[in-house]
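This is the structure I have questions about; it appears just below.
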């Protein structure tokens, strides 16, 4: 069995200069943004990626029909700009598998003419963040001014941080192939799926892409989430007061 | 050393359109059904499968004679229908091994003309079940009505469930090869070897296969098990009453 | 790098019909017997086996000179009988490695004309044993009477036991190649290095080999060990009495 | 993907008879010495080593620019003597990977004409050491007098110790290729990064190399560290006295 198998649904006119990666990670921030963009830009599924480095399982879908675990490549066009997306529910089950899978992702990217990759993710800080920054890293120094102009922050630079998994390796192994890589990480608590952080990230990303995207859906999800959290906090405070009365 | 080695005891007239998988899993439900069918239909051992993805050990048999761990292929004929069985005591020791072993199982299936696979297992619910349902999944949507007509339930669909290991991958990787796959999972507590759940599963499976099978053995085992559980519960209640008396 | 590398110190006249395996295991029983035999029969080191499936380390020897971890093949001749030994300090670090290493051991055995393998080990029972039995298993049924005549017991047969690691796989994978395999396991507590169990095992093994071996060294080590254990037990009983006096 | 990839920045006139390994380990002693020597001798980066046996991540550098994890080869010349260094932040993530990476290190060493390797490390003793010894091991017995003359100690010999990872395997696998290997291990507590131990190690190493190196930087770091530890100890004693007063 091959380590990685790629099935294309369409072979012609699928080139694009940009690839956006939004695989699962902290706060599902990258995944939220990528899935939102695919919805808004009406992306088309062009390929599926299977691998023995994914978990050995199938997912039971809505009609009881199984689907082998895989990641997917979508393609969108907006204002004459073509963009590819790498999305899905899985990263590698092993350390070596991360390298092997990322090399496959880059093989696909090179074949389709990709010259720049945006790797999206979350940056866990351990507490709720009201105005999440979009912390950034680049794999070539000349990319930094462009990211800063779009609102990306480099305040995390020089703190010895690492970027693990597909996002990190797309920048690291991409650089070897001469592909530009920009990693955008929305600040997030790390405890919840975080649409507010995703909304901030989307603002920076759409500025970098030079396209306008409707934020309504992410903003509504963020407000729903914030109301739910406020309700929980209120209930806890109420219980706290009761306990004080009881003691008193 | 090869990853997987298959030794055939017989090479001619071993084709069959159906393969039933009953490897170990929750409540040993699938294994109970497959072993019962092989007994009732007087199956013949036609192949053994060895692999470095199985545990590195031999089993000491009844006469002190060792046997290298392996899975087995049996073949039965009933009412002019030929059926293969994949049974044994082991699944892979690693995530990657599940993929490699399942591809080997499918190679054998394809070589022997298999067009449909039944993957049998248990569906753990964490409490005793009086009338266990047979929850189901299929790898092609057109198979669903047939399964429902035979008494299989799809009430688990759309809940984000996964099927792990050989059962799941036989459906997922089988689909890629155009082999129909039906997974039948008997509801079971997950705490005991469960012949009652196996009995329910056998009813659905024999209807799908269009063959009649004697259930006596499984039903007797189920009754024995239920009497044993009832005795334990009675003893516990008696002890509970005593403790109440003592406190009183 | 090769998975396994074998370096021969001598190439000619090294054939032998018998291989005795005494790698580390429960109570170091097999290792004690094999090392004792190599000493008594003045074995000659003929090969070293290196592998990336052994732990990644060197051992610092008596003069501060390092030695890469390896297993060793010794050869002895006694009364015109030639015997090979597989000994050392290591088994595989992974499940797959056990298979790969054992296939290499069997390649060497086949190349050197081995027709029978004795796999030596301990059988842990969790308590001190005064007269340890030598529990046995064979990979071909016709070997059983010979083992019983030499004093080996098969009382462990039919209890669903397994033999793990090199000892088990030498029997299991050896059978595939038509090499006879006999596993001898001295009963032992599992808590201590057990020369008494090794002494019992040696009696059965030397009867099977048809050679006489001096037991003095193993018996002295056994007596030393038993005196040490008796002293500890006496001290514990004395402390027990004191505590009783104190309470009284 | 290759297991290991080596990128050379320079191809000509890079040969050297000596390689010094200072990868991360106990007390970072080896790394401190190697990095100090590269600084003092103004080493030139000549190659980077990438591998799927390293952790799957990139490091975010000072300007927010990512760097794929790798180890590095530096080259220095001093008094007409050429020396190579193997340094970096990573060892293998798996047992097998240690073997595969070390074979690659040795391939590079052989290509560049290396005839002797110094593997530097720490020797953890679990308590602070005022005058750390430099414990030693060699892969060929004839090397021992030279190491002793330079101040290396062999008091650890014959205690059944092991040297794990790249340092150990460079000696073990190097011996197979006929490359001399000397392992120098500065005694250290194991709790702190230990420049005092590194300073002792540097004295022995520079004597072996026959070159003079300025120790100032390491000695200053050692004094800073010792003052910090003394301050902590004083604070703890003060708190101890207070607690006694409180009890009294």
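A, B, C and D label the chains in the order they appear, each numbered from 1.
Going forward, a contact is a pair of C-beta atoms (placed from the backbone, for glycine too) under 8 Å apart; a residue touches a chain by one contact, two chains touch by 3 or more.
For clarity, every value in this text was computed on a predicted model and none was experimentally measured.
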| item | value |
| --- | --- |
| Starting at chain B, fewest touch steps before arriving at chain D | 2 |
| Cα-superposition angle relating the copies chain D and chain C, to nearest 5° | 90 |
| Averaged-CA centre spacing for the pair chain D and chain A, given as whole angstrom | 39 |
| Touch-based graph of the chains, sorted into line, ring, star, complete or other | ring |
| Full enumeration of touching chain pairs | A-B, A-D, B-C, C-D |
| Contacting residues of chain D [partner chain C, same complex] | 92, 95-96, 98-100, 102-103, 136-141, 144, 154, 156-165, 168-169, 171-173, 175-176, 181, 183 |
| In the complex with chain D, residue positions of chain C that touch it | 1, 50, 52-53, 55-69, 93-94 |
